[in-house]
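To keep things clear, I will list the structure first and then write my remarks on it.
Read from first to last, the chains carry the letters A, B and C; within each, the first residue is number 1.
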Amino acid sequence: MGLLKKLSIGLFILSAAALLAACGDSNDNETESSGTGTDTVSISGSTSVGPLAEKLAEKYKEKQSNTNIEINQIGSSAGITNAISGVSQIGMSSRDLKEEEASELTETVIAYDGIVVVTHPSNKVKDLTMEEVKQIFTGEITNWNQLGGEDMEIVVVSREDGSGSRDAFQEIVGYSSGELIRNSIIASGNGNIKTTVATNKHAVGFISFEYIDDSIATLKINGVEATAENVLNQQYSLSRPFLFVHKDGNFTEAGQEFIDYILSPDGQKIVSEAGAIPVK
Amino acid sequence: MRKFKDNFMLGLLWFSAFLTVAVLVVIVGYIFFKGFRLINFDFIFGDYSPVGHGGIWPMIITTIYTIVISLIIATPIGILAAVYLQEYAKQGRLVRVIRFATESLTGIPSIIYGLFGAVFFVTTLKLGMSIIAASLTLTIIVLPVIIRTTEEALKTVPLSYREGSLALGTTKLQTLYKVILPSAMPGILSGIILSMGRIVGESAAIFLTAGTVAAMPESIFSSARTLTVHSYLVTQESGDIELAAAVGIVLIVIILVLNLSATFISKKLNKADY
Amino acid sequence: MPSPSNENQIVDMKKSNKLKYFFESASEKLFLICAMLSVISLLLIIGFVFYKGSHPFVAEGYSFIDFIFGMEWVPSEDKFGILPMIVASIFSTIGALVIGVPIGLFTAIFLAEIAPKRVAKIISPAVQLLAGIPSVLYGVFGLAIIVPMLQNNFGLAKGQSLLAVIIVLAIMMLPTIVTVAETAIRAVPKTYREGSLALGASPIGTIFKVVVPAAKSGIMAAIVLGLGRAIGETMAVILVAGNSLILPTSLTDSVRPLTTNIALEMGYAFGTHQEMLFATGIVLFSFILILNFVLAKISSKGGK
């Protein structure tokens, strides 16, 4: 019985303490965000912009330790929705805003990015025309031997409907969501596409420049290499802006300061180090 | 012929058992083999960083937050509900309805809880993607577990205890918290531990209600990432199986410790009691 | 005539009794409220999911038939058909049952009836432990081992497939089925076995003709639980399913079960799209209810 009592008392004290701690925390939070203590900037959206934003946030925190930046990588459309509804202060988008979205939000271009078509490193096909890319993703070409490669089925890997990369890619290549080949694997992030392609020699997908590494092979489009220079000199057409969007009523000074930092020379240096293309 | 058939079935039984054990050993073995190299002090207690594998301390803290908050709410409610069902209620329509509801809650897949949490706690109650929204969702998930185990525990308290206590002139309430609840404590505790296991293992519902922020939560109103969600995201997003497996080891160890302590507590307390 | 002080005492006692009664009845009310909370939660969940999910059909003029039997799911083009996902959910669940139930059941029988005590004492708790392992880890294992295995050894163009989902789900339900079925089989009274053996039945014959039928309701419960786990599983499935939007016609097609559709798109869906995901949830919900109901019927018939 003694042990029992001790246990139940212990349990009670523990839960009471935790409750107090929790309440204490929440109070702190309220006073802090209204006062001058720690500010929280909540950001959500594109998984293409996300890694860059995380790197920027990490560096920014070294300078500005009383700003806490929260980044949720959930896809462009979700980020835009959150910015409109006020769930997040800033939304990240890797596609242009649609008209009805643009009327509610203010956008800031923080960088440009290219989209690259990728395959398994062993794939012999290294160069495609834009038309061929379209035919692959709409299911008109289904075997690599139609493109001068080995005789094997093409496995198309696309992003989910609502991804900024997918929207941008489809718009530039010129097909719609309804035309996408039905049996394509749907991956829910850039990294997911990359690992799917890296582990499947049949696969073809598209990812943001930031995700390029040795595990996958990048393809030329119309003979042009996917590089930052080629995006800047407009030789390589698969590119889109990285946007931070916010609603004016729901925007704090801390948010503005973070954006200012990103657009500063320091911030833009991090942008180019991360593999994206600086605004200036 | 019959002998042959018997031997054949016997062989099948051995084979099935072997297969089950083999598959499970392979899975756990694989996770340990793949992840153990990452396990060290810095990994467990280090802060998360997007570069390299990063530490998992924020995810551990988030997981603890969700456990503590959901149990703080679910435990008293669950115990009192079970007390009502066992000690107070007249068996009838109302009790049947409550039982039915409790059982139905057990059968609902966690993704549905996630949907509900996302629209009710996150959006309607304006809690945002946060630890508190996830914890409230988890509260509903573990409530049936606590009710059921507490009920079972109350059933095992002998009637003579109640009668003896009431005969001494105590009120029902006094009997309840001085006699009945203490003797049912081992069962109740193992129910709570079972619930912890359920919370630690939950992913879909948390994914939709707590979000995926990979940083130390500022408060319970922050969006954050639990261990399971971390394991899922690093697999899915960066294909980092090694890291996912290392997180998996931590999860398996937590589950193991919880299971062992449940067994230990019920054994120890049973001995102390009877 | 009681003295004034005595009278005071009586009043005091009455007061304290009143207080006591008040506490007693108040606490009973409190307990009742707690008990009602699970009913309230259930109603809230059903209410919210059904309200959100039925809105497009009730208020926005979408056809429920087109939703259930539609082949196209393109939210950005306002096309919401979930037949491929319904079929994927059914196929993957049935497939997992076909593999998982016999193996799990036989393992349970082995542990309860055949295995040496010492062996059972090690294996049973281990299997129990595995029932508690987070399902995500089964998905990680599936993606790291099963998907590449299907790709490399079986020559599939992509390992993310219905087959991979089935294998992962079958493995996941094993611990649940084994644990629950073993308990049920152990609960069969010894006298049943003794009686059968005394009548000259072989030990194996006794197991399959006497013990297993006697444990039928518990075994059914095990299957229902396993089934619930399979059809409701989400995160492990996302990792190995491939999430394609085609009606699966073979085991090698990549699929998107109902649960996966919700988890994949819930993050960014809004408006009608979000409501359609709740509608997907309703379909999933109904499935679970129907399956539980059917199996309850089967087991009650079997009992007679």
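Remarks
Basically, a residue touches a chain if its C-beta (ideal position, glycine included) is under 8 Å from a C-beta of that chain, and two chains touch if they have at least 3 such contacts.
In UniProt terms the chains read A = Phosphate-binding protein; B = Phosphate transport system permease protein PstA; C = Phosphate transport system permease protein.
Because the structure is predicted, anything quoted here is derived from the model rather than measured.
Viewed as a network of touching protein chains, the structure reduces to a complete graph with every chain in contact with every other.
Top contact pair of chains, counted by C-beta pairs, is B-C.
Taking each chain's centre as the average of its CA atoms, chain A and chain B sit 33 Å apart.
Chain geometry summary: the mean Cα position of chain B and that of chain C are 15 Å apart. Residue numbers of chain B whose C-beta contacts span two or more other chains: 236. Among the residues of chain A, those in touch with two or more other chains are 74, 188, 199.
The set of chain C residues that touch two or more partner chains comprises 238, 267.
On the chain B side of its complex with chain C, the touching residues are 2-3, 5-6, 9-10, 12-17, 19-21, 23-24, 27-28, 30-31, 34, 76-78, 80-85, 88-89, 97-98, 101-102, 104-105, 107-116, 118-120, 140, 143-144, 147, 171-173, 197, 200-204, 207-208, 228-229, 231-232, 235-236, 241, 244-245, 248, 251-252, 255-256, 258-259. Residue ranges on chain C touching chain A, taken from their complex, read 72, 74-77, 79, 147-148, 151, 157-160, 238, 242-246, 253-254, 256, 264-265, 267-270. On the side of chain A, the complex with chain C involves touching residues 74-79, 81, 152-153, 155, 160-162, 167, 176-178, 182-188, 196, 199-200, 202-203. On the chain C side of its complex with chain B, the touching residues are 20, 23-24, 27-28, 30-32, 34-39, 41-45, 48-49, 52, 102-107, 109-111, 114-115, 123, 125-130, 132-141, 143-145, 171, 174-175, 178, 202-205, 208, 228, 231-235, 238-239, 259, 262-263, 266-267, 277-278, 281, 284-285, 288, 292. Listed in rising order, the residues of chain B touching chain A in the complex are 49-50, 65, 68-69, 71-72, 75, 122, 128-129, 182, 185-186, 189, 192, 211-215, 218-223, 236-239, 265, 268-269, 272-273.
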